[in-house]
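Structures given as C-alpha cells follow.
Shared between the two complexes below is subunit A, which pairs with subunit B and subunit C, respectively.
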Partner chain A sequence: MDVSLVDWSRAQFALTAIYHWFFVPLTLGLSFIVAFMETIYVRTGNEEWKKITKFWMTLFGINFAIGVATGIILEFEFGTNWSNYSWFVGDIFGAPLAVEGIMAFFLESTFIAVMFFGWNKVGKRFHLASTWLVAIGANLSALWILVANAWMQYPVGMHFNPDTARNEMLNFWDVLLSPVAINKFLHTVQSGYVLASVFVIGVSSWYLLKNREVTLATRSMKVAGIFGLVMSVFIIISGDSSARLMARHQPVKFAAMENLYEGRTNAPLVAFGILHADPADSTHKKENFITRIEIPDFLSYMAFLDVNAYVPGIRDLIHGNPAQQIMPVSLKMEKGRSAIAALRDYKAAKRQNDIAKADTALNVLKENIHYFGYGYLSKPTDAVPPIPLTFYSFRGMVGLGFWFIMLFLLTVVFVLRKRVEHKKWFHILAILSIPLAYLATQMGWIVAEVGRQPWVIQDMMPTVAAVSAIETSSVIVTFILFAVTFTVLLIAEIMIMVKQIKKGTNERGAH
Partner chain B sequence: MAVAGIILKKIFYFYYDGFRSMTLGRKLWVIILIKLVVIFIVFRIFFFQDFLDSRFGTQQEKSDYVIEELTKNRN
Partner chain C sequence: MFEQLSYTALQQYWWIIVSLLGSLLVFLLFVQGGQTLVYRLGKDETQRTLIVNVLGRKWEFTFTTLVTFGGAFFASFPLFYSTSFGGAYWVWMIILFAFVIQAVSYEFRSKPGNFLGKRTFETFLFINGLLGTILLGAAVSTFFTGSQFSVDENHFSRWETATHGLEAAFNVQNLSLGLAVFFLARTLAVLYFIQNIDHPEIIQRARRQLLFDAIPFVVFFLLFTVLLLLKDGFAVDPQTGIVSMERFKYLHNFLQMPVVAGIFLTGVILVLLGILRTVICFEKCHDKGIWVSGTGTVLTVFALFLVAGFNHTAFYPSTYDLQSSLTIGNSSSSRYTLTVMSYVSLFVPVVLAYIFYTWRAINRKKTNVEELDRESHKY
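Take a look at the complex of A and B:
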C-alpha cells in the first residue's frame, strides 16, 4: 500500500474530525446550561432569567447551525477513502448510526424549532420541556457515534463472517453497554460540559471587563461555575476509569501515554516530563526523559487499583514477557499472518467447492482471528503509536483540566462573595481559558486516536489495511477542499458569535 | 378530520411565523443551505463516491474484492 495514500487519508480524517469537534462540545454543554437557565426562569418567573436564557440560546443556535452536518463528511470518507474498513465493520456501525439518525436527530431537530420559535406561542412548561429535549437529543446523538468509536477501541459483541469479510453483530447490548463505550460517552460529553462552562464564564468575564451586562454575566457565571465544578468531579472519575480500561484493553496505548519503556511494579506516574527529541527513533528505544516529576506508585494504582501491580512497558509488550504472560508482537504477527492466509485459503477452497480444505482453513482462521490485524504489520515496533504526541497530549489535557477546576472554584467563590465584578485579572484569565478548553478536548481526542495507532480496529485491522485503493492526488484535493471549507465555516462561526456577543441582550436573537 | 386540519394549520403557521420573524436566523439558514449544498451536492457527487458501490454491483462482488484486498501479500 502506498504510504503517502495512507498518510493523506489519515490526515484528511484527522482534519475533518478536529474541525467537527470544534462545534460539537459547545452544543453538548451549552444545551444543558441553557436548559438550567430556563428552568430557573420558569420556576422563579423572573424575566431577567428569560433574557439570559435567550441570549445563550442564540449563541447555542449559531454554533448548532454552523456545526450541523459537518460530521456527515466523516461518513463520506468512510465510504470513499476507507472502503476496506467500512466493509469490514459495516454491520456494527450500521445499527448505532441508524438509531442515531432515527431517534436522536429527529428528537433534536423537532424540538429545536419549538425552542427558537416557541417563545410566547407555546406554554412555558412545554417550551422548557422542548429545551431539555434538545439537550438530551444532542447528547444522545453523541452517544451513538461514541459507541461506534468505542467499538473500534474495544471490539465486542460480534463475530467475523469469513464468507463476506464482515463483522456481524451478535449482541447489540454488548456493543452499546461495553464498559469502554459507557466510559467514552461519559468522559466525552463531560468534556463538552466543561468546555461550555468555560465558554460561558469566559464570555461573561468579557462583559464584566467591559462593565456591561453585569446581571447576565454574574448570574451566568454562577450557573456555569457550579455546572463546571460538578462536571469536573465526574470527568475525573470517568477519566480515572478510562485509564484502567485502557491499561487492560489497550496496554500499548497506556504505556505510550506514559512513555513507560520498562514495565515494573510500583510504577510511578510522570506528572510532568520532557522527552528527549530522538529523530532516529523517538518511539520505543528507551525511556528517554530530559527531566520528569514523578508521583511514586501512582501509575500502578491508576491502572490496577494496586500500588504493587505490574504495569507492562513498551519493551514487555513488544518483545513479550513470559513471567507476566505477555505474548511478543512477533508471535502475534505470525498468528495474524496465519489468519490472513487461512481467510485466503478458505475463500479459494469455497470457490473450488473443497469442503474439507475450507473447514481446515476456517479452523485456523478461528484460532487466530484475534490477531488478524497483526498480520499486516511489517515489524513488531509498528505496534507502537507515536509516543511524544500521545504523552504530551495527555499531560496537556489533564493539566488544563486541573486549571479549569481552579477556574470554576474561583468563579463560584467570587460570585457567592459578590466580588466577581472587580477581579480584572480573573476576567482576563477566564477569557484566555476559552481557547484552552478547545485545546484540551482536542488533546483528549489525540490521546484516544493517535494513541491507538496503528489500529483502526484494535488488534483486528491496522490503518494501513483499511484504506481504499484510490489515487493519492484525489485525497490531497479533497484534503485542501475540506481545509478551505471548514476554515471558512470556523471563521464564520467566530465572526457571527463575536458580533452577537458584542450586541449583548439588546438585540434579538437567532430567531 | 377537521381537528387534524386545524392542528396542521397551526403547525404550518408556527413554522411560517417563526421563519418570517427571524433576524440573525436568516443569515444562519443561508449558511446552513450553502453548507448542505456544498456537502451533499458538490462533495458527495463529485468527490466522495462510495468506492465499492461505484465499482461493484452486488454484495458478493464487494466482499470478494475486499477479501482479495485484505489477503493480498503486502510485504
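Take a look at the complex of A and C:
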C-alpha cells in the first residue's frame, strides 16, 4: 500500500473533520440555549426575551450554514477516500448514516425554515415547537453519527461473512446501545453544550465590558451559566466512564494517553507531565518524562475502580505479558495473516467447488477472525498510536474542562448576586475562554481519533487497508482545495459573526 | 413485517426507496436551477435579493435530500457507494465542492462583515446550480452507459481510467441527461418563481424565460430517451448472475414492465403539461405549474431508476469488465440490515407529511419586497 496515499487521505479526512467540528458543537449547544430563551419568551410574553432569542438565533444561523457545508464532505469521504472500508463494514456503518438523514437531518432542516422565517407566518407555539425540533433534530443527528463512530472504536453486533468478504450486522440494538456508543454520544454532545455556554458567556461578557446590551448579556449569562454548569457535572460523569470503557476496549489507546510504558498495579495518574522529544519509538521507556506530577493509584482506580488493579502498559500490550494473559502483537499479526490467507484459500476452494478444503479454510478463518486486522500490520510497534499528541491532548482537554466549571460557577454566582456587570477581570477571562472551548473539544477528538490509530475499525481493519485505490496526486489536489476553501470560509464566518455581535440587537436586521 | 419478505424483495424495496429519494432530489434541484437565473431574472439588487430569498427558504431540502440519498445508498447498496464514490473520485468531488460553496452562500451573502462580497456568493450559487445539475445528471446517466471499473473477489473496487469519472462528461448520452437536468431545474425554478414571487417585473421575465429553458430541456431529454431506447443494455442472467449485453435492453425493460412505462409516460406528460398550461393559460393556471411539472419530474426520474435496476438489469454496469457490473442483488447490504432499514423507511411518509405542512405554512402567501423589508432573517 502506498503510504503517502494513506497519509494524504488521513490528512484530508482529519482536515474536514476538524473544520466540521469547529461549527457543530456550537450548533448542538446553541440550539438548546435558543430554545430555552424562546420558551421563556412564550411563557412570559416579555418582548425582551424575543429580542434576545432572535439575536442568538442569528449567530446560530451563521454557524449552522458552515457546519452543514463541512459536514456533507465527511459523509461522502467514506466512499471517495475509504472505499475498501465502505464495503468491508458498509453493511453496518451505512445504516446510522441513512437513519440520520431520514430521522434527524430532515427534522432539523425542515423546521429551521420555520424557525428563521416563521416569526410572522406561524403562531407563537408552533414557532417554539419548531425551535425545539431543530434542537432535537441537530442532537439526534449527532446521535447517529456518534453511534457510527463508536462502532468503529468498539465493533459489536456483527459477524464476518466470508462469502461477501465483509462484516454484516447481526443485531442493530447492540450497535445502537453499545456502552461505547451511549457514552460517546453523551460525552460529545455535552462538550457541545459546554462550548455553547462558554460562547454565550464570552460574547455577553464582551457586551458588559463595552457597557452595551446589558439586559441581553446578563439574561443570556444566566441561561448559559446554569446550562453550562449542569452539563459540566454530566460531562465529568460521562468522561469518567469513557476512560473506563477505553481501558477495557482500547487498552493501547489508554496506555498511550497516559504514556504508560510499563504496566503496573497501583498505577499513578500523571496529572501534569512533559515528555522527551521522541518517546514513541521502540526504545521508549516510562521514564521518558522530563518532569511530571503524579496522583498515586489514581490511574488504576480511574480504569478499573480499584486502586490495586493492573493497568497494562505499552510494552505489555505490544510484546505481551503472560502473567496478565496479554498476547503479544507479533502473535496477533501471525493470526491475522492466517485469517487473511484462510479467506483467500476459502475463496479459491469455493471456486474449485472443493467443499472439504473450503470447510478447513473456514475453520482457520473463524479461529483467527478476531485478529484479522493485525494481518495488515508490518511490525508490532505499528499498533502504537502517536503518544505525545494523545498524551497532551487528553491533559489539555481535562484541564480546560475544569477551568470551564470554574467559569460557570463564577457566572452563576455573579449573576445571582447581580454583580456580573462590574467584574471586568471576569469579562476578559470569559472572552478568552471562547477559543479555549474550541481547543478543548478539538483535543477531545484528537484523543479519540489519533489515539485509536492505526485502526479504522478496532482490531479489524487498519487505516492502510481501508483507503481507496486512487492516485496520491488526486488526494493532494482535493486536500489543498478543501484546505483553502474551508479556511477562507472560516475567516468569512468569523468576520461575519464578529460584525453581527458588534451590531447587537439595536439595528434592524440584527434582531 | 419486513422479516416475511424475501431477500430479493427487500433489495427491490430498497431500490424503490433509493429511486424515490433520487427522483425527489431531481425535483428539488429547482433550487439549483433558480440559482443560475438570479441575474437573468433579477435586474437590480432588490429583485435579486427577492429571488435569492425565495429560493433560500428551500435550499436545505435539496441539500438534505442529497445527504439522505447518499446515506440510503450507503446503507442499502454499499458496493455501489464504495465503487462509485471511490472510483469516480473527481466527479463526486466536484459535485460535493459545488454543494459546499452553496451551503454558506445564502447565509453569508448579505451579512455585514462579509469580506468576500455579495457577488462572490452569488457566483458560488451559480456554480452550484451549473455543476450540481449537469454532473448529477451525467452521473445518473452512467447507470445506463456504464463506467470503467473492476471489482475483485473481496469486493474491493478499482477505477480503470486515470480521469476517475471525468470521462463520463464526454459521453453524448451522459451529457444529454446532464443538460436535460440542468434545463429542467431551470424550468422548474421559473415555475416556482411564478408561483411564489409577487413582483410583476420578475414574473414577466420569468414567463418569457420559461420556454427558453423548457425547449432545450425537451430537446436534450428526447435525445437521451431515444439513445436509451435504442442502445444495448446490461442484462443479468437471473440463474447464473452473468452479465451480458442485450440489444434494446432498456426498451425491453419498458415493454416488459408496463407499469413502469406508464409511470414514465405519465411523468413526461405531467412535466410538459405543467409547462404548457403555464404558457397557455397563465392567468388561471400559473400557480399550479410547479406542482404539475414537479410531480411529473418525480414520476419520470423514478421510472428511469426502476428501468436501470429492475428486470434483471445491472444498474451500475462496468464496461471494463462486464462481470464486475453491480446489480441490486450483488451490491446490496445483508438481509438483516435491509430489514432493519426497512423499518426506518416507515418514517419517510412522516417526513414527507411534515415537510408538506411546513412548506405550506411558509409559502402560504407570495413573497414580495415589502415582506422582505419586514423580515428579520434575510439572505
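Rule of thumb we're sticking to: the second predicted complex is superposed on the first by the 497 of 511 C-alpha atoms of A that agree within 3 Å, B and C clash if a C-alpha of one lies under 4 Å from a C-alpha of the other, contacts with A are read in each partner's own complex, and residues count from 1 in each chain.
Basically, a residue touches a chain if its C-beta (ideal position, glycine included) is under 8 Å from a C-beta of that chain, and two chains touch if they have at least 3 such contacts.
A quick note: this is a predicted structure, and the numbers were derived from the prediction, not measured.
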Clash or fit: subunit B against subunit C, after overlaying the two structures on subunit A?
clash
Going by the contact rule set out at the top, does A:Ser83 touch subunit B (first), subunit C (second), both, or neither?
both
Please indicate which partner A:Ile496 is in contact with in the superposed arrangement: first for subunit B, second for subunit C, both, or neither.
both
Spot which of subunit B and subunit C makes contact with more residues of subunit A, would you?
C
For A:Lys379, select first, second, both or neither according to whether it touches subunit B, subunit C, the two together, or no partner.
neither
A:Val99 in the overlay: touching subunit B, subunit C, both, or neither? Say first, second, both or neither.
second
Kindly classify A:Ala341 by the partners it touches after superposition: subunit B alone (first), subunit C alone (second), both, or neither?
first
For A:Asp163, using the defined touch cut-off, is the partner it touches subunit B, subunit C, both, or neither? Pick first, second, both or neither.
first
For A:Asp91 in the superposed arrangement: first (subunit B), second (subunit C), both or neither?
second
Going by the contact rule set out at the top, does A:Lys210 touch subunit B (first), subunit C (second), both, or neither?
neither
Between 25-33, 97-105 or 187-195, work out which stretch of subunit C sticks into subunit B after superposition.
97-105
Can you pull the subunit A residues that subunit B and subunit C both touch?
58, 61-62, 65-66, 68-70, 72-73, 76, 79-81, 83-84, 86-87, 113, 116-118, 121, 164-166, 343, 347, 468-470, 474, 478, 481, 485, 489, 492, 496, 500, 509, 511
Would you mind writing out the residues of subunit C in touch with subunit A in their complex?
57-58, 60-61, 63-64, 66-72, 74-76, 78-79, 81-87, 89-90, 92-93, 96-97, 99-104, 106-108, 111-116, 153-159, 162, 164, 333-334, 336-337, 340-341, 344-345, 347-348, 351, 354-355, 358, 361-362, 364, 374-378
Residues of subunit A touching subunit B in the complex
1, 58, 61-62, 65-66, 68-70, 72-73, 76-77, 79-81, 83-84, 86-88, 113, 116-118, 121, 163-166, 340-341, 343-344, 347, 376, 378, 464-465, 468-470, 474, 477-478, 481, 485, 489, 492, 496, 500, 507-511
Contacts from subunit A onto subunit C in the complex sit at residues 54, 57-58, 61-62, 64-66, 68-73, 75-76, 78-87, 90-95, 97-103, 105-107, 109-114, 116-122, 126, 130, 161, 164-166, 168-170, 172, 343, 347, 468-471, 474, 478, 481-482, 485, 488-489, 491-493, 495-500, 503, 509, 511
Given the complex, residues on subunit B that touch subunit A span 14-15, 17-19, 21-25, 27-29, 31-32, 35-36, 38-40, 43-44, 47-53, 59, 62-64, 66-67, 69-71, 74-75
